[in-house]
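Please find one structure pasted underneath; my questions will follow.
We just call them A, B, C and D in the order they show up, numbering each chain from 1.
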Amino acid sequence: MLEAQLEPYSRLRENLAARDRSLREKVMSLEEAAGLVQDGMKVGIGGSTMSRTPMALIWEIIRQRRQNLSCSRCIVSTDGDLLFGSGVSDHIITSWFAQGILWGLSKVMRHHVETQGKRYEEWSHMGVGMRLRAGGMGVPFLPMRAMLGSDVMRQRPEAKPIDCPFTGERLLLVPALNPDVALIHVQRCDAYGNAQIDGLQFMDIDLALAANKVILTTERIVSNDQIRRHPDQTKIAFLCVDAVVEVPYGAAPHECFGIYEPMLKHMDAYVKQVNADPVKGMQEYLEKYFYGPKNWNEYLELIGLEELLEASQRGRSIYND
Amino acid sequence: MTEASNYTASEILAILASRQLKDGQVVFAGVGTPLLAATLAQQLRCPGLTILFEGGVVGAFVEAGKLPPSTNDQRCTKRANMVLGSADVLLLLQRGYVDIGFMGGAQIDQFGNLNSSFIGDPAAPKTRLPGTGGGNDISSLTNMIVAMKHEKRRFVEKVDFITSPGFIRGGNSRRESGLPAGGMFRVITELAIFGFDETTRRMRVLALNPGVSREEVQDNTGFKLEFDANLHVTEPPTTRELQILRQLDPERLFTA
Amino acid sequence: MLEAQLEPYSRLRENLAARDRSLREKVMSLEEAAGLVQDGMKVGIGGSTMSRTPMALIWEIIRQRRQNLSCSRCIVSTDGDLLFGSGVSDHIITSWFAQGILWGLSKVMRHHVETQGKRYEEWSHMGVGMRLRAGGMGVPFLPMRAMLGSDVMRQRPEAKPIDCPFTGERLLLVPALNPDVALIHVQRCDAYGNAQIDGLQFMDIDLALAANKVILTTERIVSNDQIRRHPDQTKIAFLCVDAVVEVPYGAAPHECFGIYEPMLKHMDAYVKQVNADPVKGMQEYLEKYFYGPKNWNEYLELIGLEELLEASQRGRSIYND
Amino acid sequence: MTEASNYTASEILAILASRQLKDGQVVFAGVGTPLLAATLAQQLRCPGLTILFEGGVVGAFVEAGKLPPSTNDQRCTKRANMVLGSADVLLLLQRGYVDIGFMGGAQIDQFGNLNSSFIGDPAAPKTRLPGTGGGNDISSLTNMIVAMKHEKRRFVEKVDFITSPGFIRGGNSRRESGLPAGGMFRVITELAIFGFDETTRRMRVLALNPGVSREEVQDNTGFKLEFDANLHVTEPPTTRELQILRQLDPERLFTA
């Protein structure tokens, strides 16, 4: 298990050397971008809980019936339900996995973990963060002071408690996490992949550096000139990015900071349906909202214009005085 | 202060929890009752209370009637002093910037260990719970206040799984596990307020909520409780506390 | 030496617990703020080279005739000359120490290191960065892949090469650096110390987190309301800050991003004078520019209005299209 | 291309160094000749060259006539793609994002080790030099091009102090020291262009600059040089190269 998780430095360097990191346009369709995600890959998912979830990419990956994905995210919400429920993933690395605090336990997660043998691999929130940070820094581990003494640590032989060679203190070394591909949704980026992120960044900056490939979806594509007027606002550099897809409402029904809040009517209905029957309820949800629509805009139409507008009004209100 | 007479269990929980906070403290608050209680304290008594959220928020001022559905939503950031990465806000705990971690709990034991991962045998669980989130980090790195529902199945002798460490096996076992800082400070329920013995690190009752008897607390607890020598009865919620609490959560998201 | 460098975690926590981290006004005079720096302290200096140097604080510390300071900064410029030349510091931790690339070697540094027994403790640039980052994270070390094999490492027994417990790879563990006090100059902050930094951040964010006390000087103090309208632009949180001083041109004659570029006429004259005679030249410079003026504005007058205006014009030009 | 006939040693150094870069590469450039040479390449042949600076700049486009006095000045950031912390830009090297490190040098030895720390015995140095800056990090973590003045006292058999590692003691000693990636790729001087033997890792002459003889190079070098079997003479600077270079540095800050 350890070997599968920790990529040797030589392979990380080879992967990076082989990537085209030049300043070049990399705009493509959602279909093409999702095609970069291959069966069996380690997929790092940006955002957290119901915020800036790269939902359009997850939607398209599920439509393309990918298999055996090992997914990681700091905190998992309905994205995790959908990844398990659709069969594209059988392994999720995270610190918290339900639909959202508002709804209690996820019956979908419970079904797949308790009876279907799918793996929810639990680390502390900081544990996930330090693993991605190590991955982004190009070191095999980082030391931390949490998880020690708990059963969360006891379940994770991948992490190594040590006595500090400087102070003798007990520390936990957590191994780097370098996903094969990262899926990240941002408010805006240019055609080269220079991305600005407003508000909560979560672990997206470390994730973008750690991954061997990065797919960005963005609410809108802006000019490179606009980016370069405020280079200190660039949060992800073009040289980390392999694909850019413009997808308005690309995190729906979750939130995108400053643009829309979560679409809670849709979420409520979703939770009711899948928790009532995690198999059939989920299958029907996927048929209607994922497999059925011809394209992403048709999916948004199913959520409904009224809910989109109302979520947008709430989203923009963060900037109201 | 006028005493209020009509309140729900969730309401007294939030109000008593909020009273544990002091002005000037730095508090890392979870969603739900902790967020509500910290905001109540901030509005009522502690204008200089600094609230941190796991999503990456420092110095939050949550608006009445706009409670965030999680601590990772944009509502947490409105008029906050700082927004940063979520690993970085957790590192503030590790560095020592935080006085109090403030969380809810699903299952707790006599040493204040919390379980939010598994009911039953973790290898073949009866129920897979949502997991730690930042709970493990917070409880490993600072002093904890936990606000939770008081039920026998939640107050157990030994948790099925230590998700967020309290005093582990009591005595010095927390420190010996590599956690030299922090530890369980208070547990607040709708029945009583609990502290922990300085030596044994076992949970003990410090105060009973108004109208609650020793027997009622013991009957709802799955292990033998000690009662503090200075056991007293908590002041009931005031109308002012209740009024502000209800303004904060008019839709009763977390106080139903 | 090691023990002096690495503070035990218990002491770091005690220091922090004793600090008043509440949301409170902490505006004071330059004299009061510099008074927080005590003889023998470890002083972390923000900015880099000729950029955002907290010069007004250094100026006042030198005027107050502090002694035996151990100073650290990622890259040292004329600030290092002045700290050695004035006698306030006998130990500087950095990766590069001269006046600036334009002027070659610093005769001042050479004089004090080669003949006066003062210590220039050299780490790689990333080495300094990882030490401060470890300090800011509250861990005793961070692993890195540079310095290995070099004499820079061989001169630093404080760093420990190890074989990675995960991969067997050779790594260097560098010890945390937690200065007693950090001096940082920013473009703007509020009275509580919430600071925004435009442009190059250097290592200031890690430094602010690592230090046991932080003194901010700022080009201007703005309202807390203004800060809270864009909380994702706050780079240093008020709870890390112990003192705020408003000092326009507080980095002069160095640059402050977007406000003024370096005052190169003054710098040229300075370098000529001190390199011609590192003792007498320096003494005369300090008398005229440091000990002589009644206050910081008188120092600025000696630099001259014309040079200030010209540097400001160049400084603002970064925002021109 | 028209050949230029009148140029300074600094100018041919910058021009030949710039020719080593390829479009699409990611280059970490030091101040002075490297910055100038990288910008020249970017303007002349390599519009997709990504330039990084130690101060924390990614994708820089330095303006003609506005050369920064160091890579930590605001001028480096004008119209750049990204500005970030200086530890973070160095971590891009460690992670592997950078193809080429491009630096000047004070003293170099036969294995490409650079010294910018001490002349003489480090314990009691004749001269304390400014030190590594990011040089050690860059040379430890990526492939290096070094542009420097060619003098006998600068090209020595063994440097007094390894500030920035080349191939250490030759052979596999670099890898065995814990530096599996990168290494010295090219050294450019006003006399010649050097590479390193694949096995011994000793410096060898790949090409002579126009009008320079083997003897002249050897006479100015403090150790025995090997000459490549395919030794050739470099094309002289073109008028176009010289013209753009002079536009970039009209005040001759770095090309006097």
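By definition in this document, a residue touches a chain if its C-beta (ideal position, glycine included) is under 8 Å from a C-beta of that chain, and two chains touch if they have at least 3 such contacts.
Molecules present, by chain and UniProt name: A, C = CoA transferase subunit A; B, D = 3-oxoadipate--succinyl-CoA transferase subunit B.
Computed from a prediction, not measured in an experiment: that's the story for all the values here.
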Pair joined by more contacting C-beta pairs (C-D or A-D): C-D
Distance from the mean Cα position of subunit C to that of subunit A, given in whole angstrom: 38
Averaged-CA centre spacing for the pair subunit B and subunit A, given as whole angstrom: 29
Centre distance in Å when subunit A and subunit D are each reduced to the mean of their C-alpha atoms: 40
Multi-partner residues of subunit B (at least 2 other chains): 57, 77, 83-84, 91, 94, 180
Junction residues of subunit C - those touching two or more other chains: 9, 138-139, 144-145, 169, 171, 199-201, 229, 232
Touch relationships between chains, expressed as pairs: A-B, A-C, A-D, B-C, C-D
Subunit A contact footprint on subunit D (complex, rising order): 23-26, 47-48, 50, 57-59, 61, 77, 79-84, 91-92, 94-97, 99, 180-181
Residues of subunit A defined as touching subunit D within the complex: 9-10, 12-13, 15-17, 20-24, 136-139, 192, 194, 209, 224, 227-229, 231-232, 234, 237-240
Interfacial residue positions of subunit A with respect to subunit C in the complex: 2, 6, 8-9, 138-145, 160, 162, 164-167, 169, 171, 173, 175, 198-201, 229, 232, 321
Parts of subunit B lying in touch with subunit A, wherever the complex brings them together: 31-32, 54-57, 69-70, 72-78, 83-87, 90-91, 94, 117, 122, 125-137, 140-141, 161-165, 168, 173-174, 177-180, 253
In the complex with subunit D, residue positions of subunit C that touch it: 48-51, 74-75, 94-98, 100-102, 105-106, 109-110, 113-114, 120, 122, 124-127, 129-130, 132-133, 144-152, 155, 161, 169-172, 199-203, 205-206, 255, 257-258, 261-262, 264, 315, 318
